[in-house]
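The same chain A turns up in both complexes below, where it pairs with chain B and then with chain C.
Moving on to the complex of A and B:
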């Protein structure tokens, strides 16, 4: 079942296009990671999903329906910027949650506070940015939601607490919850998420299952005997994302069919190998035409 | 169940494949014994800090390859029947992968067929002294 379906979402702020025809399907019970540089449109996407900003075009459906109040009990959102009240204590925030949400679990809230070493009596005013994030996460997870939308949930936290947040996400996922989260830290997304979307300038660059992306994206490196080798046919090859030749060396960035390509190039007389790419490499290959040398042959 | 698995999340090798490889290796060398229970999907996901559906996918493939079996409600276990065969098969899968990789590397640096065969022969001679033949 599709928990969240984002269809051709576009959001303009005046002449600025924050999100540009972005689509993604998030299956129930999965963890979805939204990646992208600052200003890519991740937060705006979240706001449009949650009705905090009105889409210019496109739609977001939860379990096939537009967002409606009945879902609020089962949905938790932790924004990147803390929305806590400075003058209240952590305990008072939790009490507020208890009154507002029928699914609030007070025992779970205490466990969560202990996990992050947060005291109920602490005033929000005295908390660091990371502790505020942790408090907001405690409030969200204590509500026992079915769908969690977390905008930069590890930002400002030390590595130990970052790992604790990832474990919370993994634990929730093991219970069948649906989690969408954004992060600058590709390594965290690589661990906790199974599906991703990489955004740049509001657009979807690369999306899909991390395992499939890793299985598909490779650098194929071929070394020929002479620098006069022919690349006929490769320029229009649908497997090739980008092609770069320097002297006797041909480097192809491919998103599928690397093994077959290695065989073909080997038959053409090249010494050839395929190199695995991690998610960061895939991201950089997808995003960055900047590794551009003078010999770069850019594909349309 | 000892913590025998290590995952490199930043590797280009998909995490579920790393996990499959490590379970097979552990079975093959006897670190995981026939009948031994594997951690639950949730427990292993939390221990390794990786996505639970990724662990579930690895377990499904290991079941398909007859390395483990899952009794509903009781968990996943290293297969007991024909253990020696399971282990040998698991080991040979791992060995074939490593050999393929090595031969491809040798080819990529320009060694020809007979040079590669000679290298393999030397390696085999080293690990299998004459009297064992």
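Moving on to the complex of A and C:
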């Protein structure tokens, strides 16, 4: 079942196009990662999804229905920037949630506070950025929502708490909840998400399941004896989608014929191997393939 | 939905409580240093008249009579309209001056008539503290608080809309819940201020002079006067992130504009009258002076006190409606 269906979403601010004809279907019970460089339009997409900003065009349906205020009983949003009230305590924020949401679980809230080592009596103004993010996550998860929209949910958190957040996301998904999240930590998205969309300048560049996006792609890594090796001929090779050169190391994104390329590079004297593509490679291929390749080839 | 606003109002009430508490404390501290009492018959000739049995007359007044110092005979007639006449008959007056004297100061009129060694002093009191005035004072304090609480929506705009608008309630109901809580808080401040004033008067012996006359209209006007300030600030700031500038300009403008209505230079008077139509202070001036002065301060005709009450009610309702219309169209 499709939990969230985004159709041709466009958002303009004057002449600036923040989101440009973006479409995606997010299946219920899955984790969906939204990736993109800064200013790609991820936050604006979330805001349009949740009615916090009015789309210029397009539609967003939740379980086939337009967003209604009552749906927020089952929907939680954690924005990238802190929206907490500085003058209130963490406990008062949780009380605010308890009064507003019938599904709020006070016991779960206490567990989450303990997980992030947060005290209920602390004023928000005394919290670090990471602690504010953690507080917002506690509020969202304690509501026991069916759909979670998390904008940079690990922003400002230390590695231990980042791991805890990732576990929360994975556990929630295992319980059948739908999670949409954005992150600059591509490794986290790769670990948690089944499906992704990569945006740039408001447009969808790549979308689909991570497994499908990886299918057929390989990274050929070649280590030469010297950094003076030649890559003549590789720039025009149709098998090479993208090439990175760092000292003695050459890294090639290859769609087909990876094994043959390994053989060729081995004959050139390189210690060579073909490995699976990771999400970072997919991201870089999507966001800036031509520039990176050309740049590096020119240097080579 | 209203929890955040509830906390804001409670903080405000706490602050107002500290101020009013300080006023009460000061009244208590300075009471022993004040001379006598507002109530002139708290002690007459060293006798507390309330300890003397009262005789009720046919016209509803009461009479107390007792013997004071040096054989002086004191009679106190207290009438239902809070006026009193205290007569001190001194049969053994030893002064030299003859004739009659009549002295008035404030709410007291003192007459003396001497006849040889016999002197009669009559003290008439007509001290009245109209509840209407107390209500208006309380309403002014509430209006100051109302202008601060009127920033409710602009405070949400300042980085909290994502939290406010992702609750299972419409924006309208969220805003209206805040307005309801704030309104109760404003009326609470008015009540607390009124109680404090009455307590201060009681400490100084003046509470019994409070007179109630057409106070329901004053109560209604006072409440709506304070709420109208709230509505105006709410409407002016609901699409802003910070409303400090509005607050800093509002009160000086509201107080100055009614004073400019008679200025002929460059049609300033007409401009002031036009602006005063949405200025609650103009209606307050008209309410305090005469129902027939509405057209002096504003563009509205003289339709009496009820129209003034209606005007401040409309300012409140229109302010809230306008702020809702603006706020619901904002984007986070």
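Basically, the second predicted complex is superposed on the first by the 228 of 300 C-alpha atoms of A that agree within 3 Å, B and C clash if a C-alpha of one lies under 4 Å from a C-alpha of the other, contacts with A are read in each partner's own complex, and residues count from 1 in each chain.
FYI, a contact is a pair of C-beta atoms (placed from the backbone, for glycine too) under 8 Å apart; a residue touches a chain by one contact, two chains touch by 3 or more.
Model, not experiment: these values are computed from the prediction.
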Superposed partners chain B and chain C on chain A - clash or fit: fit
By the touch definition at the top of the document, which applies to A:123: first (chain B), second (chain C), both, or neither? neither
Between chain B (first) and chain C (second), which does A:88 come into contact with in this model arrangement: first, second, both, or neither? second
Taking the superposition on A as described, I'd like to know which of chain B and chain C A:272 touches: first, second, both or neither. first
If you stack the two complexes on chain A, which partner ends up touching A:163: first (chain B), second (chain C), both, or neither? first
For the superposed model, what is the least distance in angstrom between any CA atom of chain B and any CA atom of chain C? 27
Per the contact definition, I'd like the list of chain B residues that touch chain A in the complex. 9-17, 41-42, 45-46, 49-54, 57, 104-105, 107-110
Chain B touches which residues of chain A in the complex? 29-31, 163, 166-167, 170-171, 173-174, 187, 190-194, 210-211, 214-215, 266, 271-273, 275-281
Touching chain A in the complex: which residues of chain C? 1, 3-4, 7, 11, 159-163, 165-170, 331-332
Any idea which chain A residues touch chain C in the complex? 47, 50-54, 69-73, 75-77, 79, 81-85, 87-88, 92, 95-96, 99-101
